[in-house]
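Below is the structure I would like to discuss, written out as structure tokens.
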Amino acid sequence: MSSLLEVRGLTKRYLGLTAVDGVTFDVERGSVVGLIGPNGSGKSTIVDCVSGFQPAHGGQWMLDGRALTGWPAHRIAGAGLTRTFQTVRAYDELSLLDNLCVATQESDGVGWLASLARTRRLRSTETAAAARARGLLATVGLAEYAGAPAAMLSYGQRKLLAIAAAMMARPRLVVLDEPVAGVNPTMVRRIEDVIHQFNAEGVTLIIVEHNVDFIMSLCGRVIVLEAGRKIADGPPSLIRNDPRVLAAYLGQSRATEISHERG
Amino acid sequence: MDPGIFLQLLLNGIVIGVIYALVAMGLSLIFGVLELVNFAHGEFYMLAAMLAYFLTMRLSLGYAATVAVVTILAVCLGYVFYEALLVHIHGGGFERSILLTLGLSMVLQNGAVFLFTTTPRMIETPLSYANIVAGSVRVSVTRVLALALGLVAFAALYLILYRTRIGRAMRGVAQNREAALMVGIDPRAVSRLAVAIGIGLSGLAGAALAPVYAVHPLMGFSFVFKAFAIIILGGLGNIAGAAIMAVALGIVESVVGGFLPLVMVDALVFSSMIGMLLLRPEGLFGRGVRV
Amino acid sequence: MTRGWLGALGALLGVAVLFAIPRLTGNEYLLALGISFATFSVLSGGLNLVYGYTGLLSFAQVGFFGIGGYTAALLVTERAWSLWAGAVAGGVLAALVGLVIGYSSLRLSRHSFAIVSLSFALLCMIVARDWVSLTRGAMGIPGLPVPGLDLPGWRWRLSRPADFYYLLLGFAVMAQALFYVVVSSRLGRAMRAIKLNEPLAQSHGIDPLRYKLLAIALSAWLAGIAGGFFVFYLTIVDPSIFDFYYTETMLIMVIIGGPGSFWGVLGSSAVLAALPDLLRFTTDLRMVLYGAVLIAAMLIFPGGVGGWLDRRRLRRWRRPSLTTP
Amino acid sequence: MRKVRLIVAAAMMAALGYSGLAGSQEGPILIGASIPITGNVSNFGQHSRWGAELAVSEANAKGGVLGRKIEIDFQDNRCNPAEAVKSVTQMLAEKKYVAIFDGLCSSAALAIMPLVERAGVPFVVANASATSIAERSGVGGNKWTFKVNPTDLSMLDALVSWLDKEGKAGNIAFLGEDSDFGRAGSTGLETALKKRNLKLASVDFFQKGNADFTPVFTKIKARKPALLALYAVDADFQNAIRQWYSLGGGVPLTGRVLVDQVPKEIMDSGFLDGTTSVQPYDPSVDTPGNKAFVETFRKLHNIAPILVSFESYEAMKVLIDAIRRAGKADPATIRDALAATKMPSILGTTIEFDDHNLAHNNAIILTIKSGKVMVLGMSKT
């Protein structure tokens, strides 16, 4: 089981504050890895650097052995590492179907001229993309609104659409940035099922989240960050009682009480 | 380079710069608070100059009285301008503001041509020919008065923005509209005041410059592009940046105008604008008011 | 797809009618209006591609139009090129200038592109007037020769307005067809995605800079060629070709037509190319009325005609039958 | 799609409907005028209009011409060839205008010339300064275009010969508006001076609508020229004169100085004494015709006529005179009548067209002595 993503010594500094301080971790092919930590621990910054939206000040990262360090965001996405955003984003004026088709059109190898000349190859690629999009909409339960503009969706529905869009281009690794933040409980379960289904189909995922229960039930492995440094990395059962993790979340004194209770 | 000439150019540059600042600060305030560009800003300056000419020559009002009356009327006009037109496109209406103010500029400019004809008018009072002479340097009194008015306006605007509650509210709305809403600032009242002050400033500039330059319906147009250049170079929405840039531009135009051919100066202004942007995209002084 | 075929048929019919006009009426004024509409539709179509679809506010269109005009005029009068080669060369030069402006300012922000494009248009006017050795200065280049087209068996001398009507209308139809193909293809969809949410588009593998430069270069190229043809219709090119009045007209056409709406902008280009002339009955109040129409249009049609059409489409989806979970 | 074509059809119908109002055969004689009503040359357009309207109202007061009243339809060309072509094409398409008048800006006039040639309608240019207009007209060229105002070349030659006599021609600084008017002035002066192997001391141009001249005046003052050739008009001229005065220029002006527009205070102070200027026209010329013209003009618009008002007034009188001599309101006959024009000008000379359809009205050389404008003499142009 070689690792799909290798991150070595990732560092990012803002105006005298080291947001990410030499973080190193691997992600196994087919696994679901959780990334948790209190506010300001550098979770989102790591996602932004790895996906090319923020320049890193140090360290390298490789996908399937290919170095992506310093690549612009759109080339990293093309290489098979896609992501969603903390503040949910969608193309409001485009239909749900178009929202998804846009996500894959750059990586299906049809050039500009072919697109303009509407060659047979383009038409077949487009119909295939539309079919795949309808399938993904069905998976996330939005199939009946395929033609509606994205502006019509509720907050939770937009989260589902964003996840579906990230899956469109058959990525090797998808990073979900707080997929269930601010979402009602029924929708959280729906998102959890959707993630399970995509993982079952072979997609490797990194999930950045505050909802620790959500992470503990979903992820095979959890990485915990505090103030830009990795303080724990292992299966959920181990992480749940690790004193340093408790200290990071609950403060030192409370943490020691709990670890005594749990013996 | 005879120092007298350099001093003459420098002094002249400062006077023009301060007047550019009045117009540019008004434009910058309106852009900062309402996030919309007022293409009709030059026309308000022209209307103020026309009114100043009318008051001085027809009603033979004194210099100070004319400036006061024109500025107050300009502030009221700013209120009316906001309530009648700008209020409808508030919030994210950037492209609609372009069209609305372009339309207004056409109506005001061509309306003035229709009503007052394009014949240039000069304010002829004993004041307009008085000069202050120091060695080889000569400056007309009306320019010195315009400089004084400009500095008074700077001070007044600074006090309003940084020493009053409404001023703080204005800077708040300019920096972050949503945050200002959440703490209960009424954006409509603040925006209306910003427009009133902005138009008031360009009214003051019109009144101050009426005795210096010939007054005619097309005098506002050449000012608008210079004012755009200034507020962009100074950092959009940054009022202090606009003021400093305006004075700097006035000085550069005047001093360089004394050496290079005059038409080169305009080319210099616009190419330096492009150069400045490529080096510091958010303008010399950063986004300033808008964080 | 019947709606598509119906649309295509409607468009073909419209074009056929427009081409028949010179035969129906000898009224040269209608031809002049038609030429003005054709030229402006290429300019506003280009601006709609750059601003309406890709979200880049640009004031540079008139600069490309003028560069095309001057290049064609200079190449034909100085180097004895044909109008066809001269106009295309003018277009290519305009596109190259567009790429330079675009690349240098877009790496920073959309905002700086708007400002650089404004300065560029104003600089063009100054250069046209003062770089006398290149552009003959304020006098412009008068007396442009009558262009001709020599095809085996058919020699076309464009001496009458009807000839230029066919030329500019034919070019406008081709330009609009090219715009339509682009905006209705996935390229257009990618451009709209960049306008609607650029970071999201980047996360989907779309390189915004490539599409922005494509939009700028294509619209500049077509605007340059249109400039080349238009100045030969006028038989003179002078610095007033860079008049800010043209920029205002294009912006008005796109904003009233509705940015991002192909047919809306095409329709508004037709109406607004004729409107200033239809208002000629009042010599003095013409521009005052024109300004008043703009203000009224903005207060009544906030999103422009296109925006109004979009809101109607949205309302159809808000019917109560759409149950949300 | 249907909606869009409706809009286009409506626009077309409106245009057709508008042009359908052809006047009846016996209605007024219609003359089409294309002048800048908007844009930064609108002050010239306004004066051209006032001048032409005065000529027409005087003719109509005497019963019009051929027993019919005369009417002028002014259309705006923004001093832009595209607008000029569109507006003049509209007028020519209605086939009811017997002549087209002025164009005013050189590029607009040059763009109108091929239209009138194809439509077969006479075109009387009153103000455009480009020499290329006359070069392209008359024998072997556009025989429908007639230019009433003289070009700068001949006038400036007369001025320079005058200045040379006073030995001041060698040190002239030139400051002109960056337009066809200004550029024609600088080339005209340079050619006239080259004939006497002299040169301009310095040449500067300013952008029309530029308000502040202090920087360039300071530069010029530093070079201590003997004369300042100033080519500025309306608001620019007012600003320039006042700023030159406030800077204590101390050097008289030359070139085409609008002497009648100098503020009284500056004129009386003797600041401009020694100024010698050449103009195709000046309100202070004391011929009876000019006195009447200036008086009526001042009564109507309470300012004195400027060069443009005079040129349009005279050009319109030439056109009306040609219509009278043609005997019928037919463009071709009017053209022939125009070619044979021999009309007394209010400046006392007679206006005739040479083989390039260019009239050579006199140029007036003026000077200012102790605050008074004096006519030094007239010279053929």
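By letter and in written order, the chains are A, B, C and D; residue numbering begins at 1 in each of them.
We adopt the following convention: contacts are C-beta pairs under 8 Å (C-beta built on N, C-alpha and C of every residue); 3 or more make two chains touch, one makes a residue touch a chain.
In this text the structure is predicted, and so the values were computed from the model without any measurement.
Engineer: Look at all chain centres (mean of CA atoms) and spot the one farthest from the centre of chain B.
Structural biologist: Most distant chain from chain B: A.
Engineer: What is the distance in Å between the mean C-alpha positions of chain C and chain D?
Structural biologist: Centre separation, chain C to chain D: 35 Å.
Engineer: From the mean C-alpha coordinate of chain A to that of chain C, what's the distance rounded to whole Å?
Structural biologist: That pair's centroid distance is 42 Å.
Engineer: Go ahead and note the Å separation of the Cα centroids belonging to chain A and chain B.
Structural biologist: 50
Engineer: Going through chain B residue by residue, note those that touch at least 2 other chains and give them in order.
Structural biologist: 110, 263, 266
Engineer: When you check chain C against every other chain, which residues touch at least two of them?
Structural biologist: 126, 129-130, 284, 286-287
Engineer: Could you list which residues of chain D touch at least two other chains?
Structural biologist: In chain D, 37-38, 178, 205, 207 touch at least two other chains.
Engineer: Of all possible chain pairs, which ones touch?
Structural biologist: A-C, B-C, B-D, C-D
Engineer: Across the complex, what residues on chain C touch chain A?
Structural biologist: 181-182, 185-187, 189-190, 192-193, 196-197, 199-208, 214, 260, 310, 313-314, 317-318, 322, 324-325
Engineer: Quick check: in the complex, which residue numbers of chain C touch chain B?
Structural biologist: 57, 104-105, 108-109, 111-112, 115-116, 118-120, 122-123, 126-127, 129-130, 248, 251-252, 255-256, 259, 284-288, 290-295, 297-299, 302
Engineer: So in the complex, the part of chain B that touches chain C is made up of which residues?
Structural biologist: 85, 88-89, 93, 95-96, 98-100, 102-107, 109-111, 114, 225, 228-229, 232, 236, 263-264, 266-267, 270-271, 273-274, 277-278, 281
Engineer: In their complex, what parts of chain D are in touch with chain C?
Structural biologist: On the chain D side, the touching residues are 1-5, 7-8, 10-12, 14-16, 18-19, 37-39, 73-76, 78-82, 85-87, 89-90, 92-94, 106-107, 110-111, 114, 118, 130, 132, 136, 178-180, 182-183, 205, 207.
Engineer: Which residues of chain D touch chain B in the complex?
Structural biologist: Checking each residue of chain D against chain B gives 37-38, 40, 42-43, 46, 178, 204-207, 209-212, 214-216, 218-219, 222, 234-235, 238-239, 242, 245-248, 263-266, 301, 303.
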